[in-house]
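In the part that follows, the structures are each spelled out as structure tokens.
Next come two complexes, and both contain subunit A; in the first it sits with subunit B, in the second with subunit C.
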Partner chain A sequence: MNSRMNIRQLLLNNSTIVLFIVVFIIFGIWSPLFYSPENITNIIKQAAFTGIVAVGMTFVLLTAGIDLSVGSNMYLSVVVSGLLMRSTGIDVLPALIISLIVGTLFGAFNAFCIVRLKIIPFMTTLGTLIIGRGIGTALTESKQIDFPEKMNDFGQTLFLGIIPMPIVVFALVMLAGYVLLTRTQFGRQIYAIGNDPEAARKAGIDVDRVMALVYILCGFFAGLAGFVLVSQLGGRVDRSFGEGREFDAIAAAVLGGTSLFGGVGNVFGTFVGALLIQMVQTGLQFNLVNLYLQPMVKAVVIFLAIFFDSLREASQKRLKRRFIRPVSASTAGGD
Partner chain B sequence: MTTPLLQINALSKAFFGISAVKSVTLAVHPGEILGLIGQNGAGKSTLMNLIGGVVPADSGEMLLKGKPYTPRTPADANKNGIAFIHQELNLFTNLSIAENIFIDAFPRTRWGMIDRVTIKNKTRDLLQAVGLEIAPETQIERISPGERQLVEIARALYQDAELIIFDEPTTSLTARETERLFAIMRQLKEQGKAIIYISHILNDILKLSDSLAVMRDGQLMAHEPTAAFDVNRMIALMVGRSIEQLYPPRSTPPSTELVLDIHGVSAAGIVENIHLQLHKGEVLGLFGLMGSGRTELARMIFGLDPFEVGDIRVEGVALNNLSPQSSIRNRIAFVTENRREEGLLMNIDIANNIGLVALPEFARTPLLVIDRRELLDNAQHMANTLQLKSGNIALQNAKALSGGNQQKVVIAKWLLSRPAIFIMDEPTRGIDVGAKYEIYAIINQLAAEGSGVLIISSELDELIGICDRILVMSRGEIYGQFGRNEFNEERILRAAFRETAAIPTGEKLPTLDEMAEGSAS
Partner chain C sequence: MKTSMKYLGLFVIAVLSVVVSFGVVSAQTDVTICFGFQDLETEFWVAGHRAITETLRGQGIEVLEYNANEDPNRQLEQIRECIAQGVDGIIIIPQDGDSANTIVAEAQENDVPIAVFNRPPNDRSAGVIVVADNVSATEQAVEFIAQKALRQFEITGEAVTPLILVGALQDTNAIGRRDGFFNVITRYNERYPGLFNEPIEVATEWDAATALANLEAAITANPNVDFIFTSSDFLFPTIRSVLEPRGMWVPMGQPGHVLLAGLDGDATACQLIDQGYVDATGVQNLFLEAELTMNRLLQAIEAGETAPNEVLLDPGFALTAGNIFFQRSDMWGCVLYDDGFLDQ
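What follows is the complex of A and B.
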């Protein structure tokens, strides 16, 4: 019975990898061309921007918070740099820096509302979702912006002659996220806060500071993701740019095992989650599945993953049950 | 004598006008273990929270090594060398042992990363000091409650704490883990640390402490070298006051007919082999210290938590698939310990609160529309019967009522469904004396009308005042039974503290030592 529990626990803890493998096999059986290197490169490339936002989202979710405004943030930071690029003729790199600054400030505003004004993250970021897109639409007078040609060239750049630029950025962000979360005090304190904010305060952690940094960082990654996406789209930004991307980001993180209740999750899982979402999307397109059915299939996959998350939560609650009397050694295990 | 490490002078603290700590003066010296005892609610925890910077004092002063000490936060207390090991441990289960110890200030490499080699080595040394042979990378989730306790101590050592406060550290430990903890406490004492040790296990305190302080009703009753105490004196000091006429007399005798029969209910790690029989018209008290499993048992009876073996019969019918819904159908009522969070809808009017449980009875027509008129009439009738002091019950929210009147609303809510069994968990907590009397009168009335009433309370006086019979729970077991003519505060307390087995009914109950052996093997 104990070993069956362990297998169940193992499957629950790695449900996304299991799901990933299952989906990967199904698409391959459906169409063997799915396994071609071009297609796989394509999936990773297209997963890049979702993955970048999802890394920021992972930080936020680890504190048991949420950031619904990342899609609007992507839009606003790209609009500002696009308008400046066209009006002043600045180069791609300064434009990138401007997008990052706008994204970071956007995140800082969220942080201010959440930490200082004590507005709950859900309401704060729901508000800035609307405000952000509103400002962007006002700036562009709701028209489409076309970036100069050099933006498109940037998106097509191959690093070392073979690796597409979005994949390089994606990899760097993953690495940065991994190092921050596992190797720095900031990262470990994020986990502590997600586990028990009250205990974190008692342990002398500056909870407000860590929380603020988390939302600022999430904003920074949203700005970066917006820029990567626009370079892939050939420099074209319309009014719906980034719309609904927050859900893909949240889904990717949760698929990757990040708990919405905080304290559980990691960047590798988020990477797998982002790839899984993109793989489902590309796979459905690849096999010419009815366009209207595609979102539904994607939703079923996300739903399954979140269902597994709740199963895992429930089994964890059972493990954390408070005992009054010592349980006999045979049932307690270990030692 | 040396200067005390911590000197407390006339320290006081009140919550909402009710004193929790009244002018306490106490000192603890380096290399001393100070035992602190008192009944639930005697003010021990509040006193420790004052020292640990969890709450600020109203008046009085604290001197740390002769200098004024006014902690504003727990972090302040830590910085001043005071570590507080709570009964509910303060660890992050998703992090490793090493990370938990260094969480507020990691040593870093020149790249700004956590210096993993250093924390691993330091943690290994600290764990060795507390006699824990586990890898520093082990996640807290994976270690036992006893081991977690030792990690907390390791953290206190790392912070260079000079005063370590232990708040009931042994409640979740096995006998072997407890022994190990005591050995470490003695070792810390040898190293010149001061320790304040709070426990309900009086023999442990006698064995371990150098001096002993007894609190009652927020006041310090005695503070002397431990040699001056024995268990009898400790209990006498904790109990103290005489009982006055605070309770309406029990006039109606209970019937011999069973209404609730619990047979051999167990849930691993929570309750063990519970036998409990409640008769019609009986007021049965369930006494036990906090964490003895009283509330957990009540939740199982009502179907809120599962149990593994045993059965529960109501009026002779065995129940299966217990749930709150089925319990309500079976006419069981449960007044929870926590009015504010579980018992009442604070922002809903009184009438709807009263009508909540019996709501299906007011549903009319196939669409089950609620008959508002009838609900209101019934609620008003109930409010009058219980002498509820409120405004218009259809307009005023439950939040606006005083504690005692809120409790009446909770009781009214259940009364409307005419229960055969009333389970009340701490029905008079946080209620003033006058309202308490009224609640007791209602309980009497319920019994007179034939309901069986099971009352859980940490106030022994109260149970002695109103019950026909008292059962004592300790560590998840029924550890003694007392009929009304055998009521004796000292003996009941002894049973709760497991000092001596109280009059066992039925089979022989194990002694403390047998228990300890049983759990160690």
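What follows is the complex of A and C.
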């Protein structure tokens, strides 16, 4: 009985990974080519930009905040670097740095509004979502931007002749996110603030500073993700670039076990979440599932992941519950 | 002599004044058209906006422009403002089919003739509706590459594997394009059994990143794809980034060329046809659509018709590697491309 309970608890504690493995096996049985190294590489490559944004989003969600502007940030960052690349002929590396600077500044503006002006994150980032896209549209005059050929080459470069560049960037971001969250004081402060900001403040943590850094970091990752995506897309950016990507990033983080209420979550979970979303999409296309059914199947998988996660939370709450023995009538009446 | 010269001079001045003033009157039609559009988010809408405003102003018509920035409620308010200003007619590019119906009803209730450009209302019974025939334009483009596939099939005897990049399924334009594609494939398979394998459908949701991921999956699962139709030309760079690393991005006339067709007729499609990578694209004839819109609206204004109701179809045409020299100037994308649009 006890071992059955333990297995159940183990499965629930790792529900997203279990679901990931189940989905992977099902798609593979359906079409053995799904297990081909080429396809697995494709899944990771396509999940790269969502994963990069999702790491930034994980930092924000851990503080019980939210950043709805990451899609617009991705757009504005690549618009600025693309325009400069075209007008001045700068190379890929300086363009990447410009993209990162714009993304970081975008994040810094969010941080200023949230920390200094005390506007709630939801409203701030909803506003900057609109402002960012508006500025990008004005800069491009609604026209698409076609990056020079060398941008395409960057997206298709193979590191050590085997690993596509987007995967390398994704891996570095994951590693950086993991180290920051688990091996630094800054990471521990993020968890503390997410659990109880007031208690964190009383413990001497500079909450405003940490909050500001979290949004700046999220902006930085959004700028990077935009650049990675445009290099994969053949170097074209139109007005819809990055639109709705904030929801993919939030979904990846939440699927990976990050709580929307802060204090719970990690980068590895986000990695699994981003891969799961992409694997489902790829698997459905790979097996030629009816186009009308595809969004429904995708939604069912996401729903299952969230459902199992809520079961896990409920079960953990049950286990942590403290039972206070009721005072018996005889004891109460004694003495 | 002096007096007669003076009278002759006065006569000449009088005649010239009449001619000049007549000329001025004939150029100014005293017609004001309100043009309400949504944000110009793609080069297609930039070209559509340009086609309409230039056509109207070319006729000496005053144009009041209103950009609703993708907000249907704002567009309704703007149209009410136009009506209050006493405009003679209205042209709109609506945000969606529902809001178009509301705006058309508002204009007609106030006795102002209205035309809807390129994005049709759900109910097509009210207003002048100028719309591209997506099925027809797609059929023309796909027919061109189907012919090429047939010639290949006759030589090699190997079946061709077609793939379609489908747009957002809630968009009637995307559905029309999908229907056009399947009409041609079915027709050819009936006539030439075994020509085409089962077509592969790839969802794009009109999003380049989704298209990239799904196309990459589809090509990995079916590496023998040799016939691709994209429901919109804006996905050609995405297609290229999937085909190129696999050695499948090859120009016409060389072994391994994948037959490629699209729809819209944008500047990139024009460039790629020039370069030989794309075989054909179905073109929405924006210039014809702008002319149809203006002519029908002016006709209604002149006849005092306040609620003209008519659907005007643009059958579109296929711009191919074979006719690009003759029809280049009819394609809005080539006009933009030749103006240096892609270099800006």
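Simple rule for what comes next: the second predicted complex is superposed on the first by the 296 of 335 C-alpha atoms of A that agree within 3 Å, B and C clash if a C-alpha of one lies under 4 Å from a C-alpha of the other, contacts with A are read in each partner's own complex, and residues count from 1 in each chain.
Basically, a contact is a pair of C-beta atoms (placed from the backbone, for glycine too) under 8 Å apart; a residue touches a chain by one contact, two chains touch by 3 or more.
These numbers were taken from a predicted model, which means no experiment stands behind them.
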item	value
First (subunit B), second (subunit C), both or neither touched by A:D208	neither
Which superposed partner A:G263 touches (first subunit B, second subunit C, both, neither)	first
Partner chain(s) touched by A:D91 [first = subunit B, second = subunit C, both, neither]	neither
Contacts of A:N39 with subunit B and subunit C, given as first, second, both or neither	second
Which of subunit B and subunit C A:D153 touches, first, second, both or neither	neither
Touched partner set for A:T137, first subunit B, second subunit C, both or neither	second
Residues of subunit A at both interfaces, subunit B in one complex, subunit C in the other	none
Complex contacts: residues of subunit A adjacent to subunit C	31, 33-34, 36, 38-39, 42, 46, 49, 137, 142-144, 146, 152, 155-156, 229, 232-236, 238-241, 243, 278, 281-283, 285-288, 291-292, 294
In the complex with subunit A, residue positions of subunit B that touch it	73-75, 78, 90-95, 99, 103-106, 108, 112-114, 116, 141-142, 144-145, 171-175, 268-272, 291-293, 296, 475-477, 519, 521
Of all residues in subunit A, those that touch subunit B in their complex	179, 183-185, 188-189, 191-192, 194-196, 199-205, 263-264, 319-329, 331-332, 334-335
Contact set on subunit C toward subunit A in their complex	39-43, 45-46, 166, 169, 200-203, 206-210, 212-214, 216-218, 220-221, 234, 237-241, 244-245, 268, 341-342, 344
